[in-house]
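To start, I am sharing the structure in question, which I have written as structure tokens.
Chain lettering (A, B, C, D and E) follows the sequence in which the chains are written, and residue indices restart at 1 in each chain.
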């Protein structure tokens, strides 16, 4: 169904209280696509993610998921529609165990999905090994793995990842990229991710948007992505 | 800037990032308010003057709590313990020493020092024992409740220090008011003009002094500890020492309130350290806006005045209205009532200017 | 004094987990050293031990030949260690400028403080945001601010836990250059990083930590060429 | 003729812990004032009440005592329930040389020319109650008392009078204010095997003792100077938890005399929601009439003139519970003391009464306000200095 | 021999009595504080609400156990309303909840006095008494002890074995992430606060037959409740029960040895000492050891 994209964002404005950050963001993600968003520090990437999931109100513009307008829904309702969100800076539930953190992730679908826990453990063995450690005491990279695993637990149909590679060791970064690509291929999982790590972008993204000063300023194709210098130029000052 | 003397530099700290109110307009306003306060007794009867002194008495404790809680981030639920300790010390000292030769003033200093010492001991126990957050609040509350319960049962004649009977729950009375020795006969500071000016002067001095303190390096570290104690320590600050110092200063101010209150009414009871009494300073400071000295000062005064007016005119309904006011204030004025009022006023003037 | 920092048989456990095991580690004065290793290898814990946030179960830590194993954190900072944490530790409710004031007031002459901070803000690219509350910065900006506070202390030894996380490649590169400059001015650097490009850019020596133990040590080329390191850590890229 | 109103300040707790026992006092004062005004006032001057709710808070007493004396310039003040609140305002009354009526049963001992106390004191209540109890139930006495001045001093009186009457203390326990759980106390009492228990409990929390002792089936006779008469526990707790409670009161609502019945009728007609008319309400009511007489005879509201009248020694009124006369030495009041017995179904019978019981102790001990004014509070173990 | 058995029984009874009082007064507060970080100074008023409602119901002929549950339910509903109107807006500012709940407590206490008068007639303690070794004891006190244990057990099951417990803990720790993971955080807050209030109401209902019913009655629970919660620490299950155990031993011991004042002061001093030794309360200690 190429005519109803998975996610359609038009003219989105948003920010914090009186301070506008997003100034009319337009982009879309097609069904079964992995799309990256890149941009320098402070241009509003995280703000965009938070507005998409509904943690920040949008002041103008619309967000449609498979043709359904969702920008008027609360965050948990959007999540129930199958959107998973991994925040920047991990935000695991620090005083709950690793296993409990994963179980909370099931709420996205509101039910337990058989075999999902085993799958997640398969992706991230450390989460099984440390199942009863309190999440707040995990190392930074372990927390990041937990945050990704947690969102997968709910079997989302699309995920928003905010800098998923941050703090993760190189081979696991590759692993995460593989997992996402694999899920995308098997289940049609849609992925929107913000990233600075060029290796990861190249390993995962099918398309890429460049963001600057609260707007989408360029849209790159897969071919553009393979052009290292071109990509770099979008991220430099 | 370079050749500014240390004194000038210290004075410049009277305004800074840690306090609201900067620039000419603020200080002009301050001068006007101060002038009004000085002129006030000319237009008011002696009841109002004395009643205002009574309000002023509490402000020191509120300012102290603002320092400890608002700036330092440690919620002490037991400021009344220091209030009580200083108050009883003052009572015991003056009943035994009498009011001649300025001994009441000496007793004031000694009583405040006692509360500071007590705060230093308790504070050392708490801060160096790494007690923080609500636990700090509850330990300090427990201490004040222990003092209350203990003092409440000292009714018997065996509970006397020198000539001073502690006198249990009924409270200790009969201590002299503050008295200034004067060539033409000592001035007894009854709740009237001289006491009004003395308290006002103390208030101004302490308010300005605290402003300097919180904008100084000490104050910077204090707010840093409030925001992120670990980070503050990792910048090389001995955070426990700073917390302790703020606690001692704030508690000494609570002690000052205690002495002034006792001298004002010639009376102190254990109830002044009870649960209700202990919660009140927190309410004043939170409602006024704990993060700033000026809002604390004005807010506390406002709450005291409004609550008294409500009690006078509201009979049985006073408490209901007070409760409702507290709830509404917290809901509509997250940064304290004074901040809300100031912002509201600014918005109004701006709108007028726009027209 | 050749070693500015030295740990001897440093041990730390959490419950049953041996997080650092008999770590012998020495850092030469004036070098730029990177600490790498898998997630959970114990890198951040090692930092916390050096800083005194955790006390070791056994072993010794020497800084400039002085035993600081039991010293309080603030005392270690005063002796010339400084840190940028993995998770930004800033004063959220204070302005960006105020954050730096607190970091610098300790050792900068009050008369020069304002200038010094202006320079630092410029350097961190945060001049435009100096009046903003630090909590409202973007993630990357917070990292910058934190680095600014750490170097503002003018330490002899600077510990950096993932300084470039969340930065664009260009910014990462700029950070590397900045660190090199600081190093040239005499600061010893110990950084934890997962970004190999950055490690390659700055590190004179690299130590790999694995399961709480020193797993390998050497130049970046030696490390990347080590198949064991590739297996546990690097994967196929960059190997 | 002077028709400016005579102003009476009324500082009573209409909210907070003590409201239960004190709202009735305010109403009683209102009732008396209304009657007096309807009958033409005091020498043609109407009474005007200036009321403040002191919220069971000592500091409010200080604030408002200053207010009524300085701002409202009242001629007399009726103020206070707890002894602490009285002690809180007394320095201020002294400072402004005002006149305050304390219309409350209390631990006794206030020797202060600015105060008139219309409540009963321990010697009046215990010298009557305890001999009766010892004779009727036996000599072994256990006291539980609130752990503060009232309880401790009252317990001291109990000890003294029990020993004077050949009884024996088998136990004494003090309960901090606000305590509401009594399992251990109940066990201690059972262990000591007294013939009766003297309960000097204060505040609503402590009253829970009765329910809990009842539930544990302690089943001992009880004696008190304060419970029932103030907090009408027999009305609030389910029978038979106060069974065989004996209290000496100078008034309670059940008193079966014509004066009492008339008072109850008037009171309930005006305040139909009043749950109970306690001893303190009656004292407050009578106090207004005492004041009326004092002013009429002094022909002035001036304190010095009024005290001259008091010094004459014959100021008496007929209160709802009987005759009350002011003792010039202590400015306390003599009472008719009624022994109230709570039966198994919580009805009250009055097995005995004593007329004209005087507040003798202060005067005997050396307080003489006609001579000098120490403005102090004394106790048997801390008596006035012998001059 | 028999004598010493009697002694043991009497101490156990006193201990159980203190334990029940501590647990029941603290549970509601512990849920609200431990789970939500809200210091609820209106806790006593929810207790009073439970006591009043259950007493009214009992007067109207509702059987006692039902009346008590009704009291708990009403307090719970009142709690949810308070949460909706006030507390919900203050989660980001937990210290302001001190002021707000203090205000609510003033409104409720005085409002009750105005509406229902200064006191309410009690219903009397049911079940009579029994005798062991010359001392007679109230049967109802045993019921209270059993209720305390049952309450702890139910709560434990609820928070560890149900999804609600999981989601509420997640919500309280990082609300925005929980929300983004599909948790209806508003509902969770509301139910959690309601549960805390209902537990307070339950305590009120259970103690109503044994106490004076006045608008300020909640105050006599407050100190014990706070002390227990704080000694227990942030995790209510790991903390509250052991805290209540320790404090009950201290309180019962000191009270029987030196009287009520010693019991009261001892309790407070125990708090100071325990917190000094375990700065994060008992559960903080347990959690740290577990790693």
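One rule holds for everything that comes next: a residue touches a chain if its C-beta (ideal position, glycine included) is under 8 Å from a C-beta of that chain, and two chains touch if they have at least 3 such contacts.
Here the structure is a predicted model, which means the values were calculated and not measured.
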Please remove chain E from consideration and report which sets of chains remain connected through touching. one piece
Between A-E and B-E, name the chain pair that shares the greater number of C-beta pairs in contact. B-E
Centre-to-centre on C-alpha atoms, which chain is most distant from chain C? D
Centre-of-Cα separation between chain D and chain B, whole angstrom: 37
Averaged-CA centre spacing for the pair chain E and chain C, given as whole angstrom: 47
Quick check: how many Å separate the C-alpha centres of chain B and chain C? 43
Where in chain E do residues touch two or more other chains at once? 109-110, 113, 219, 223, 261, 264, 290-291
Please set out, as single numbers or ranges, the residues of chain C touching at least two other chains. 14
In chain A, residues with contacts to at least two other chains: 137
Which chain E residues qualify as touching chain D in the complex? 10, 13-14, 17-18, 21, 109-110, 113, 117-125, 128-129, 134-138, 140-141, 209-214, 216-217, 219-220, 223, 252, 255-256, 259-261, 263-264
The chain D residues in contact with chain E across the complex are 15-17, 19-20, 23, 147, 173-176, 178-181, 183-185, 187-188, 190-191, 204-205, 207-208, 211-212, 214-218, 235-239, 241, 273, 275
Show which residues of chain C lie in contact with chain B when the two form their complex. 51, 53, 72-74, 77-78, 82-83, 85, 89-95, 97-98, 101-103, 105-106, 110-111, 149, 153
What residues on chain E touch chain B, complex-wise? 33, 39, 41, 86, 89-90, 93, 95-96, 98-100, 102-111, 113-114, 219, 222-223, 226-227, 230, 261, 264-265, 268-269, 271-272, 275-276, 279-281
Using the touch definition up top, name the residues of chain C that touch chain A in the complex. 14, 37-45, 86-87, 136-141, 144, 162, 165-171, 194-196, 232-238
